[in-house]
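First chain written, first letter: the chains are A, B and C, and each begins at residue 1.
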Amino acid sequence: MNGPHDMGGFTGFGPVLHEADEPVWHDDWEPRAFALVLAMGMTGSWNIDEARHARERLPALQYWRSSYYEMRHYALVLQLIELGLVSAMEDEQGRMAVPPKPVKRVARAEMIPAILASGGPADRPSNRPQGFAIGERVRARTMNPRGHTRLPRYARGKTGEVVAVHGTHVFPDSNAHGGGEDPHWLYTVRFTGAELWGKDSRDAVCIDLWEPYLEKAP
Amino acid sequence: MAHDGHHHDHEEGSELSPIALRVKALESLLVEKGYVDPRALDVLIDTYETKIGPRNGARVVAKAWTDPAFADWLKRDATAAIASLGYTGRQGEHMVALFNTPDTHNMVVCTLCSCYPWPVLGLPPVWYKSMPYRSRAVIEPREVLKEFGVDLPDAKQVQVWDSTAELRYLVIPERPAGTDGWSEEQLAEIVTRNAMIGTGLVTA
Amino acid sequence: MNGAHDCGGMMGFGPVVAEANEPVFHEAWEARMFALMSAVGDVGGWTLDEDRAACEAMEPGHYITSSYYEHWLSGLERLLQTHGLASAEEIASCIASAPSRPVTPTAADAVWPAVTAAGSYERRTGGQPLFRPGDRVRTRHLNPAHHTRLPRYLRGHEGEILACHGAHVFPDSNSRGLGEDPRFLYTVRFRASDIWGNGAPDLIHADLWEPYLEAC
């Protein structure tokens, strides 16, 4: 979706502010919010693409108004309510009113290091033939799906060159919507600044794009 | 009218919202510096609250429905045709009339700000200036129209006009059936603002 | 600039909410803000294009989360400073501290003639338009840091010239105090399916100046 998260190419946000000796957290609630998001993710109630899409589906005004951890918190609440893991009233009152629903796993303190260490690899085997080779010119499709996608708006319709092939990976456009992992070939495509932004630029932007986003350059 | 501007002006500052306080303070500064005449502000507000509004556009539409020569003039030079009814001025310097037909429905938006033909429609409603309308009218016009209760057959083409320059667009809706013999005044009564933006249809 | 104002095609803002019997102004301050912008604009020495550029210059998060007349307030505060009519300190305190630039404010009885005067943004130039109705054109990949009226969603797309309106004041110059620099203005027709890749049968039109376009 062309949501508030798809920020590439926006201007007007001002300089990037660097904070000297920045602490990990800026407020006491931030580490709790962060840990809640991770711990609930570990219950296996959703996959990473569904979690990303939940953030994008926050009302645009709320997304833009929120700090990073606020946004993560609101997206978590959205998912919890949608899945019936908590009710809106429970969220408001902070007290249990209905019995819990069973979840796949509750991560105990002693399990955390192993879970974090194992990560969540996204490469998957697939029988699909590889459509593009390194050095090939490809064009990102003009598409504006209402659902989750990882093809940013600024790259759509633009032509670039395949510079890496990463095998077949979980396809977010499917996995975010209960369509299964549906692995597709994943490429790094290099676009020149001139192609993306029309300026006389020597820079380039490389984007990781799945094969369904691409077509042979005309 | 939902409010009375002069009543609020005399309220205590503490009852005003932060933005209302800021505007009030800025007005007092600009009056103190001699840049504005506060009475001119009153006239400006009154002009667009009571004198210039969608009734003007409705008269243009009603005349177009009843006077083929005027309709033809509107198609060729909407600025002059509309000026002949006395509607000129700010945000209407270059008018274009878009005639709906059985095959075509026109709909106006300004994605970049909120350009709108003031002399014929007055100031735009909040929804026209809102992010939902500005963002969606160009990509899913039919869904937006449905929210306004306008469900168009697939065979009808939607033409969206994004007002990027100083051209201002007025939709001339289709005249509804069952209005034969109606006077211009009667017809003007049934022309809605939304129909002249393209988010409504006129019904008798 | 690719600011938050340039929102054509963005998703997530929810439904369009229309209010029945909507008043012209919802709060008294909105009416005062509207009138202030108009009245100061008459004497401030800035153009409509500078006015739009000033409203767009808000930080995007602030722009999106604030109301329409708050955009105007932010724009006016910026213009007052850039045109030397009021300092940042004066605006913050709302107490005049410096002598004001001498101007003659619009009088109450001059308002109606001023708002109903038939103006024009068309200007005479010697040249000839590059394109004619029916010509195929492509919008350029422009991403200027300054004000422009070529929306992002229409960049790099093919369309057809529907009409030429003569040479009009060019916002990309006029908004920066570089003069009116009139350029030929066209209404360009695009197929929605070309823009969005969604197969929609609809058409989109925009009014675009010649420097935004190239032959295809």
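A few points about this structure:
The definition used in the following text is that contacts are C-beta pairs under 8 Å (C-beta built on N, C-alpha and C of every residue); 3 or more make two chains touch, one makes a residue touch a chain.
Which chain is which protein? Per UniProt: A, C = Nitrile hydratase subunit beta; B = nitrile hydratase.
Since the model is a prediction, treat every value here as computed from it, not as a measurement.
In this assembly, B is the chain whose CA centroid lies farthest from the centroid of chain A.
Think of the whole protein's Cα atoms as having one middle point; the chain whose own Cα middle lies nearest to it is C.
Here the CA centre of chain A is 34 Å from the CA centre of chain C.
Between chain B and chain C, the centres computed from C-alpha atoms are 17 Å apart.
Separation between the centroids of chain A and chain B, computed from CA atoms only, is 41 Å. Touching of two or more other chains is recorded for residues 131, 135, 139 of chain B.
In chain A, the residues that touch at least two other chains are 2, 60-61, 144.
Annotation for chain C: residues touching 2 or more other chains are 9-11, 13-14, 56, 64, 195-196, 198. Only residues 5-11, 13-19, 22-29, 31-36, 38-40, 43-44, 48, 52, 55-56, 64, 67-68, 70, 73, 76-77, 80, 85-86, 90-91, 94-96, 100, 102-103, 105-112, 115-122, 149-151, 153-154, 165, 168-169, 171, 185, 187, 192, 195-196, 198, 200-209 of chain C touch chain B when the two sit together in their complex. By the touch criterion given at the top, residues 1-4, 9-14, 56-61, 63-65, 140-143, 145, 152, 155-157, 194-198 of chain C touch chain A in their complex. Note for the complex: chain A touches chain C at residues 1-4, 9-14, 56-61, 63-65, 141-144, 146, 153, 156-158, 194-199.
Here chain B touches chain C in the complex through residues 1-5, 7-9, 16-17, 19-20, 22-30, 32-37, 39-45, 47-49, 52-53, 79, 83, 88-90, 93-94, 96, 111-114, 119, 122-123, 125-127, 129-136, 138-139, 141-142, 144, 147-148, 154, 157-167, 194, 199, going by the rule given at the top.
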